[in-house]
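Common to both upcoming complexes is chain A, partnered first by chain B, then by chain C.
Take a look at the complex of A and B:
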């Protein structure tokens, strides 16, 4: 049985465990129909030209873990940003782990999607927001919607700021030979509220894991949202991340994606601007080796006047790794005075590494500032000579320049401890001497 | 200390240096002057080991050791320093950390341990004060957003930190106002000693009023066409480079 058939038959089993009369189940039923019709995207589709899901579909994934697994915090502490106090929503093999988590209902809701989708007190919010910005015809998103049951639910009411950042951590124990996970997150940040979220998917063994995740983020007027995705997984773990963001007037949403590992990673990051004077920030650092593959597909849809977007993705590709950057910007006819910037710079440090980069601009307004730039190159020879002439050996100088190149993106990270952590991961990846604090 | 014999060098088959002979001894300051395109900066880059240039003929030796096969970093470890005409901006690496990395790389090449942090800080403080460099400046990204004068001052700061045997100052005076020029020249003069040598490459005589050379050479079409003492620089200033060009033709 191929993966599609297995998923379709699993949906029947899934229905035994959810409330079929809940309005959300209608959404699920619609979604599974769409997936049944479309199936997994193939390389024939333009958006999937450089990323093949063929290999993944041949794996015999468990759709539901057979038993509940437990982990000791000390064994997995390193996967958390443990230097600071945070709220934590932790899942082991897709199942919520209450003893590793720290949720709250103190003025804000930092809790579980399963609660939000079943308990009456959340119904009103779910009715308004659930599956409202996520695509209803993109097949992998609808696949996730069909199985949506568990994930993080974060609701920040008007004028509220949570006491600390929130970590969403998914751990895969490897107790299943191959496991598929489909977390569903919903983040609602009301007027003038703020939140900082760090998300990580981590496999603990070399067993195969496939995560197909959907996150919906709603930022109301004057809201301020920081979302950090830390992707530094094992070489047998694949991630398809579908993130949909709806922004209102004067809100700022920044999404940072740090892609340092995994087997196949696809980041579909979609920003929909539904208001004026807002800013969307999309930043990424990708450092890959071996046969790793990362595909960043971004969309920023400017639908109203006087808005900005800033995209800056940097990539370093070694060995046989492959990268894709496809950045689409749509500026509607009424979206005058739009400032949309897009930058994608790549360095290939091996003859066998490849990058495909493509800006896609669809501009229908006439009074806009849009700039885009894609570069693929080796390191600046003059800079290398400069460092060498000061006695820094070529290898170290190369690492230092790559470090500086990637590090530039971190300026907008607003959690200092996270910045330091990412700095260290970058330094380790590039072989820059440990203790070289910048 | 430095011995250059019949040096011919090219870039992409374009001949730039056409038989340079130059001997620089410890304790000496040599000025190399010449019109634009005469090969001054190329000579500096070739001595420092820039790969794009190919040595077609002749030799460069430092203290009797041939340099041709050495990488730029190995030449730096032997005591060669080039103050760049256009220092490269390196965002994300602070001046202090760059200096730490450079000094410890040289120490490692000599089989020494890393310089202890307190000693490093003391050295940085001492040398930055000498060049009247603000402490805040040291935590900024290397050369990023620096003014022309700040870049040049930073080059001489690096020279002071690394204490080279042979320093080559490539157009260190360009982009400097008179106050900055005086500070930079004072710094260089403090670094003059009987055991090291300096080559000053400049288009104008102005810098040589502050860093007084023992010898002046005039470069034209990749060759040294005239050598003399500091008076030659004055004569050049007065008569212009056309005088040299005409003399060469004759």
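Take a look at the complex of A and C:
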């Protein structure tokens, strides 16, 4: 049985475990219909031209994880940003782990999607926000919607700021030979509120894992949202991350994506600007080796005047890795005075690595400033020579330059401990010993 | 200010297509529709050898199974391929007569177009091979060229006189089954130009062809083949205009360039087909496949100024096969009213140390849509490949759109690729600056647009640059108040 059939039949089993009368179930039924019709995207589709899901569909994934597994915090501590105190929402094989987590209802809600989808006190919010910005059309998003049950639910009311950042961590223990996870997150940040979220998916063994995640983020007027995605997974773990962001007047949303590992990673990052004077920031650092594949697919839809967007993606590709960047900016007719910038710089360091990039602009308004730049190249020979002439061996000099190349994306990271951590990962990946405190 | 925005807009909309006249020449036209019989009939009419007929039929059979492509960012009513007449020749055409015998009506037509044949012959030192509705009418300077060993003639004649060259090269760069329109062209092409520059010869003059669709309801399927043998050089100009007609006319051409070792081809196009009226009615569908093949140390340079056609679908490309070969693409695409253009280039780097440059300037006004679509591909063996691409778009008004779809694929670590694109409008401060110095808004816009397009205009041969500059002004008059 191929994966699509398996998922369709699993949906029937899934229905036995959820409240069929709840309005959300109608959304799920619609969604599975769409997935049944469309199936997994193929390379023939423009959006999937450079990324094939054929390999994934041949794996016999378990759709429902078995019972809760126990893990010792000391064994997995390194996957957390443990240097600072944070709220934590932790899932082991897709199941919420209460003893590793730290949730709150104190002024803000940092809790579970399963609670939000079933408990009456959340019904009003769910009615307004659930599946409202996520695509009802894109097959993998609707696949997630159909199976939406668990994930993180974060609600920050007007003028509130949570005491500490929030970490969402998904761990896969490898108890299943191959496991498919479909977390569903909902983040609502009300007027003038603020939140910082770090998300990580981590497999603990060499068993296959496929994660098809959907996150919806709503940023109201003057809201300030920072979302960090850390992707440094095992070479048997694949991730399809679908993030949909709806922004209102004067809000700022920054999404940083750090891709350092995993077998296949696809990031669909979609910004919809539904207000004025806002800023959307999309940044990414990708450093790959082996046969890893990362595909960044971004969309910024400017639908109102006087907004800005800034995209900066840097990639270093070694060994047999493949990188894809497809950035799309749409500026509607009425979105005058839009400033949209997009930058994608890549360095290939191996003969077998490939980079495919397609920065795309679709502009319908005249009074705008839109630009995109894209480069594929090597390190500056002069800079390399300069370092070598000062006694730094070529290998280290190369690493140092690449480190500097990737590093400037990190300037906008607003959690210093996270910045240090990412810096260390980058240094590690490139084999540079950073002898100074960052 | 001399004009208000409203007045300018009105003037622009009512501005009739300058070249919209219809010359009454008796035509020899085939019945509408396309079938194997028609393909055979075209071939027979052209007195073609059997291999050519077979070649056409093979293309036709493949075409029948192909589907019209839909990926381009253009929307239009699909042409009915059975409602087109595939052959239309002015009856009075006779390839053997001299220039002086050419039908005075035709000469009048060219005079209106501003390309008086004899004047060009005498003053501009340009050899013109004029194609009116599929048949080449007058070929000038043949003698001068022949002395150098240069072959420049209608492709139908070349099939008769130089079958070995045509057979060897035709379809090698654009295979007859390359795409829907190329296959259609391969099956039904009626004429076009053929040019061969022998080894080491520098063509002493610019070679030029004017295409023009005249008869209503006919499709123009011309085929151009330019071969520059080792160490030779040629500059080739192509210009197109079509009279005003209400129904959409189809134009599906194929151009193949072959630059052998150390050769250089410069191919310039000014395309000014009828763009349809201000309501978007009528106009030419321009679906063209242009591709060049570069051998070692050779260079192909495409320059195009696209101001006409209702729908344009055109990607002049370079296959950089030989080491150290160079590909260039300079383009200005102007769309106004309801025009749609999806144009760009492909640079395929196969050889070592290959270089390519892409400069594309898109100007959209009215309710038009202007897209740049390009591919830069560096294959794994293309060491030290270098590409620079720049796509700038200028928008006038908020009813038009500018789109950029650059595809960049690199498989070699020594590749250096840069791509940049910007979108902006004409700055009010720039216009103000001009106004302040006594230049009215209309002139100021022309000045700014010319400046914006300068990098490309500079690449055109002199005769064309002046005409192109004028075309830009005409196409955009009154677009901004």
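Quick notes on this structure:
Here is the rule we use: the second predicted complex is superposed on the first by the 433 of 438 C-alpha atoms of A that agree within 3 Å, B and C clash if a C-alpha of one lies under 4 Å from a C-alpha of the other, contacts with A are read in each partner's own complex, and residues count from 1 in each chain.
By definition in this document, a residue touches a chain if its C-beta (ideal position, glycine included) is under 8 Å from a C-beta of that chain, and two chains touch if they have at least 3 such contacts.
On a predicted model such as this, the values are computed, not experimentally measured, just so you know.
Overlaying the two complexes via chain A leaves chain B and chain C side by side, clear of any clash.
In the superposition on chain A, A:336 makes contact with chain C only, not with chain B. By the document's definition of touching, of the two partners only chain B reaches A:390; chain C does not. Judged by the touch definition given at the top, the superposed model places A:380 against chain B, while chain C stays out of reach. In the superposed model, A:401 lies in contact with chain B only, and not with chain C. Measuring from the middle, so to speak, at the Cα centre of chain A, the directions to chain B and chain C differ by 70 degrees in steps of 10.
Contacts of A:372 after superposition on the shared chain: chain C is touched, whereas chain B is not. More residues of chain A are touched by C (comparison of chain B with chain C).
Of the two partner chains placed around the shared chain by superposition, chain C is the only one that A:357 touches, whereas chain B remains out of contact.
In this overlay, which is a superposition and not a single complex, chain B and chain C have their closest Cα atoms 13 Å apart.
Interface residues of chain A facing chain B in the complex, by the touch rule stated above, are 380-383, 385-394, 396-397, 400-401, 403-405, 407-408, 433, 436-438. Residues 48-52, 71-73, 75-77, 81-82, 84, 87-88, 90-94, 97-98, 101-103, 105-106, 109, 141, 158, 162 of chain B are the ones touching chain A in the complex.
Put simply, chain C touches chain A in their complex at residues 71, 378, 380, 393, 395-425. Note for the complex: chain A touches chain C at residues 46, 333-334, 336, 346, 348-378.
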